Amino acid sequence: MIRCACYMAPDGKLLDQLNIDQVRDCLATGEGLLWLDMEDLTNEDAELLSNVFCFHPLAVADCTSKNIHPPKIDDFEQYVFIIVHGINYHIESEVVETTELALFLGKNYVVTSHDIPMRSVSSVLDRVRKDGRPMRRGADFLAHDLIDALVDNIMPTINGIDEENDRLEAEALHEPKRETLTSIMQVKRSVLALTRVTLPQREIMNGLSRGDYPFISERAQIYYRNIYDHLVRIEMLTLGLRDMAESVLSTYLSSVSNRMNEVMKVLTLIATIFIPLTFIVGIYGMNFANMPELQWTYGYFVILIVMAVIGISLAVYFKRRRWF
Amino acid sequence: MIRCACYMAPDGKLLDQLNIDQVRDCLATGEGLLWLDMEDLTNEDAELLSNVFCFHPLAVADCTSKNIHPPKIDDFEQYVFIIVHGINYHIESEVVETTELALFLGKNYVVTSHDIPMRSVSSVLDRVRKDGRPMRRGADFLAHDLIDALVDNIMPTINGIDEENDRLEAEALHEPKRETLTSIMQVKRSVLALTRVTLPQREIMNGLSRGDYPFISERAQIYYRNIYDHLVRIEMLTLGLRDMAESVLSTYLSSVSNRMNEVMKVLTLIATIFIPLTFIVGIYGMNFANMPELQWTYGYFVILIVMAVIGISLAVYFKRRRWF
Amino acid sequence: MIRCACYMAPDGKLLDQLNIDQVRDCLATGEGLLWLDMEDLTNEDAELLSNVFCFHPLAVADCTSKNIHPPKIDDFEQYVFIIVHGINYHIESEVVETTELALFLGKNYVVTSHDIPMRSVSSVLDRVRKDGRPMRRGADFLAHDLIDALVDNIMPTINGIDEENDRLEAEALHEPKRETLTSIMQVKRSVLALTRVTLPQREIMNGLSRGDYPFISERAQIYYRNIYDHLVRIEMLTLGLRDMAESVLSTYLSSVSNRMNEVMKVLTLIATIFIPLTFIVGIYGMNFANMPELQWTYGYFVILIVMAVIGISLAVYFKRRRWF
Amino acid sequence: MIRCACYMAPDGKLLDQLNIDQVRDCLATGEGLLWLDMEDLTNEDAELLSNVFCFHPLAVADCTSKNIHPPKIDDFEQYVFIIVHGINYHIESEVVETTELALFLGKNYVVTSHDIPMRSVSSVLDRVRKDGRPMRRGADFLAHDLIDALVDNIMPTINGIDEENDRLEAEALHEPKRETLTSIMQVKRSVLALTRVTLPQREIMNGLSRGDYPFISERAQIYYRNIYDHLVRIEMLTLGLRDMAESVLSTYLSSVSNRMNEVMKVLTLIATIFIPLTFIVGIYGMNFANMPELQWTYGYFVILIVMAVIGISLAVYFKRRRWF
Amino acid sequence: MIRCACYMAPDGKLLDQLNIDQVRDCLATGEGLLWLDMEDLTNEDAELLSNVFCFHPLAVADCTSKNIHPPKIDDFEQYVFIIVHGINYHIESEVVETTELALFLGKNYVVTSHDIPMRSVSSVLDRVRKDGRPMRRGADFLAHDLIDALVDNIMPTINGIDEENDRLEAEALHEPKRETLTSIMQVKRSVLALTRVTLPQREIMNGLSRGDYPFISERAQIYYRNIYDHLVRIEMLTLGLRDMAESVLSTYLSSVSNRMNEVMKVLTLIATIFIPLTFIVGIYGMNFANMPELQWTYGYFVILIVMAVIGISLAVYFKRRRWF
């Protein structure tokens, strides 16, 4: 499905909603800048890419397939094919998942393809329709704006995980539940998923900012460098998140074990104090014919006092050894 | 055992079931494309490889030996010798094992050798017999199709492990058994076995797609690049599986420990409430001659009430401290 | 906010508190040395950087944004833009955090920018105002002095963490509390935060000392090499801190578990000695009509002695098997 | 001690047991192939190496010293000095240890030195004495045969460890003993020792097969490449062994902990059922003057039934909650 | 403090205890070989280094500062400045610490500086005074002898740690105490400290043996290579020590937990056997008016036999299930 087909003529005039013939013309002239955004590719769309743009069948297949593709960049001389990842806001899941944007960058066109609506693409499209700005400086800058918007979307997710970490730490300390562990595990998995796409993406941006590709003008390279720096920052922050999650896990495990220890200590306190006392009362419950103490007038009271002394002594002894 | 010997003449005619003299002719002309597939090599087959194809004795030895060989590529100028790994569907085992395909790629021939029947080779053979397609574009494309089919076979296994992980996570949470641990360990080992063959394989495909070998035409390189991308994806997925398995293991251990804690808490509850009460009834079971309480008319009922109050107080106290 | 604007003329005269026109003149002549220090950049300040110094908008944006930027160096031909990190003394936190200094180094000027007051910048400024020394040897040496002061500030923090580690080890051994664990976790996180900024910073200093940048004279390179050596030392020390923190954590966990074991052993001692004895006294508390022992004259005393023998034997047995 | 001194003349005649003057002659002519095998070097032997062969004193010192030397290769222009490791069958130990073979490879001679008898050297020597084969193709092939025999000896050890792993896994599951842990630890240490020598050895073989050394003819390089492949296989297998050992360790720890849990559960079952019942019988053992139940005709039987109901209810409750 | 100032004239005559003017002369002639060894540098000594030898102030500062400096090598054209580490025998500590030797190597002089007396320097000095040997072959060989003696000193320490590991393993198995853990932790820290200085030192020796520095003659390079080999060996041994320490730690933890389990099993045995029996005796201690068994002539004996049967059955049952 073609979601947008914009063309900015060399004189700065913006044409929206081109038909296929107009697209063909734009490509033929090699002037101005064309942006085609496609969502949830049909076979017909795929044919458009193959026939009109003459993209390599393997690159087109990567766009149509619903599989996950790791970030990569392929150089096909006439154009480069880039896959970058952002955060998927549309799949409701406890674990953060990434979504991919496929991007063809040619001399005077940019073609983007994605399976589900993407907030970052929409925001660039809105700005294009408002005043044409993102398309004024050429294909390399338009691609930059799209990738930049995608990468910027990662920051709120990191902040969200950060807050979740703080919440989990408090919960682990004060009220560890079984769900706490599940949540910690989900945070760890989210962070790992994030780490896994950030690293290759960083390398791709490094390549784009180093002048390895002729489609990126020298003026644009410094902007790609800036995305690279953002990804380095994201990497540093996710490393911090991972350490934090590890620490929360340790806190949780230690907290659970501490509670267990407290419970066991109470058992021990009660048992060690009352077991000997119960033994003593058992002695005087025996039915021997000849047990002199039983006949003493104050025997009962003496034994009550003796037991009180024993119980208190034990309690004091335990207290002193800091067991309770 | 020779399982197939096909020859596609330069005019596109397909000859099936060649005899050795015909094979010799094909090699002599240097035209058309010959594919020889061998299974469970006998010494006679090995001699055929050595004498007719003049393959290096070490490469032939790798084919005949039943040992495991890690993925590798050797360049013998006249041909390259490649070992790649797929999934072994024929050995019934809890742990996923890989099976290897040895492949000689020459100017106008491809020789494949494997110890047991391979689904991927059969599927390519079927397509060759149907319309000759995989052999129409030369030796490099035939080799590509064979390797591609092999690598594609890994995906279902990954999906299977993924489902097993989900099942194990649920089992670990709700009904942890000793067998659960064994299964988790097997999943971890499967994933590690997979990781171990994917990485070197990826590097081999990287080499093939970079033009390091003259037998791979430029047009074919991009297709080898595609296999490389598949392997990168498989690597990313297996990393995810490994994290998942680690997480399931943590869940299992924590779940087992939680159940133990629950059991211990019940012991503590019962013991800490009844031990003091048992002590009290013991007191009034003593046989002292002079125990005034025993003679009171309502002594028995008073003591029952006292004990009820103590028991309930302890229970409330424990409840409040969130021990139960 | 401009905190300082100093200019040292080629004849060594120092001008303090320049206005913007004077700054413009200094840049125009290309002689002498100008130092501009800015804190908590306003938009107006940012414009000054863009218009007067003609710094790249992305570099200026890095200065104005309040986000964390990892250490980096960008070469803009006319100047280099460096971000380095020191220790933040102004944020009161249990976990050590780093603060960043942005630094533009040009032919005859240095511009520094930071969000909060920095002790290292102040100390260099004081020395400049005292006798102008840090500005006498050119822009590269002034930048060196600023970075050196920043890096030197890390050492007291490392010593502080070292002492905290020692304190925590003693506490973990003799009086493990729940707070001990929290503190250990904070130390680990501080050390990781430190490690994370030291490594890239080290690489930047390596580049500056290798002559990759024309603004660093050969005479100054050896001084940058010295900062590099400091960072290597800091790295070695932080690695030691990390090992120490790991060891303290192990000690804590083992100490907690040892205490639990001691408590459990006492329970076992008391229970295993008194449970059999309580059973014996229970026997003689039974009300059978025919229990010969009960009628013996010394039955009671015999049974007391028997129980004492059993109790002592058990205690001796446990002692011998080194359980207590 | 010189264990063998063989010389194969250029005409293929084999001379066994040369004296030192003959050795000198062989070296002087520079033709044919000389193999000197030394065991447990005396100072006299060392002098022979220094004076007759003019080997560098440091290399000779490595041969005489009884210390362990990691695998390495040194190029002394006139010859290369190689240290490779195999498995030591002569030291009886639970932990697998490696033994080293020092090898000087010159234009027309190979000198081997080892501290204890080596099975691999003996087997090559036997084949030389039988038909002279290993010495027919030059010094590089003789060295190859020696190293190949050494590396081949590692496989049986790996198989042995593999079987030990299987035995330990079964033992850990069904009858975990303290010795099981010790054995697991020994297996882990054996595997680590193996890993540590395999990796540098692999790199040495890589160098020898790449043509870095002029003494290795192009024809021989492919054979050294084959040893390299063997070492890659050994590495893959030892990695598998390590994973397996880790898994056995987890199984052992979990198995021990499961047994403990079972024991604790029985304690809890018995205690939680009988503690409340004991309390009830204690109540009716009290000696209050006024306890109406005691006078009821069927009071005793009623209370027996009540207790049976309570006990069975508790048992059923526990069963339902899957605690037992 | 100058500890030694030796000069060997080109004719081989050795001058001991030179004064500063003589030192100046030696440097001026550029012939012979001068060795100056300094301990615990005063400011006066530092000035000597700056003025007479013209060493760079940063290198001199490294000598005077009491901080720890990681191993490094700096090339100052006229001389190289090397920091290497050995074992510190003078600080009494449970944890092995390293001590550093700073070394200036010039055309015809070697200057060494250290904070505390060093056994390795003294031993070289003794050999110089005996027959001048270490100074006969030039500055590069003298520096080699000093570094070699320093590295050789590490071996006894490794052996010591090895023995400590063996002792700790036995202690952990047979008599685990809290001090055992502390010792294990100290061994681990010692090994890590050792690892940390060995690695950079190895790289420095690699550089010196590769001919990167003009002061090292080709003849001497092979000797530096030998130190490199020693360091590789030390690295391999310390890796072994680390594995061993890990294994001892596991043994300790498992041993402690096994003892706890044994104790708990005894508790369970006693409790599970006596709790039901105590319940039975409680039953016959009840005071119901109508309890037929109590009136039976042999009721008491019957119940004793019943309880013996129950107790023995339980014990046999537990034994059969291998709990004890």
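Letters A, B, C, D and E mark the chains in the order given here, with residues in each chain numbered from 1 onward.
To be clear about the criterion, a residue touches a chain if its C-beta (ideal position, glycine included) is under 8 Å from a C-beta of that chain, and two chains touch if they have at least 3 such contacts.
Since this is a predicted model, take the numbers as computed values, not measurements.
Under half of the residue numbers found at the chain D and chain E interface occur in both copies, marking it as a different-residue contact.
With centres defined as mean CA coordinates, chain D is found 25 Å away from chain B.
Chain D has its Cα centroid 41 Å from the Cα centroid of chain C.
Chain E has residues 264, 267, 271, 275, 278, 282, 285-287, 291 in contact with two or more other chains. All chains form one closed ring of contacts, and listing them from chain A in the direction of chain B gives A, B, D, E, C.
Residue ranges of chain B in contact with chain A, taken from their complex: 222-223, 225-226, 229, 232-233, 236-237, 239-240, 243-244, 247, 250-251, 254-255, 257-258, 261, 264-265, 267-268, 271-272, 275-276, 278-279, 282-283, 285-291, 322-323.
Interface residues of chain B, counted against chain D in their complex, comprise 56, 58, 62, 67-70, 72, 74, 175, 178, 181-182, 185, 188-189, 192-193, 196, 249, 253, 256, 259-260, 262-264, 266-267, 270-271, 274-275, 277-278, 281-282, 284-287, 291, 293-300, 303-304.
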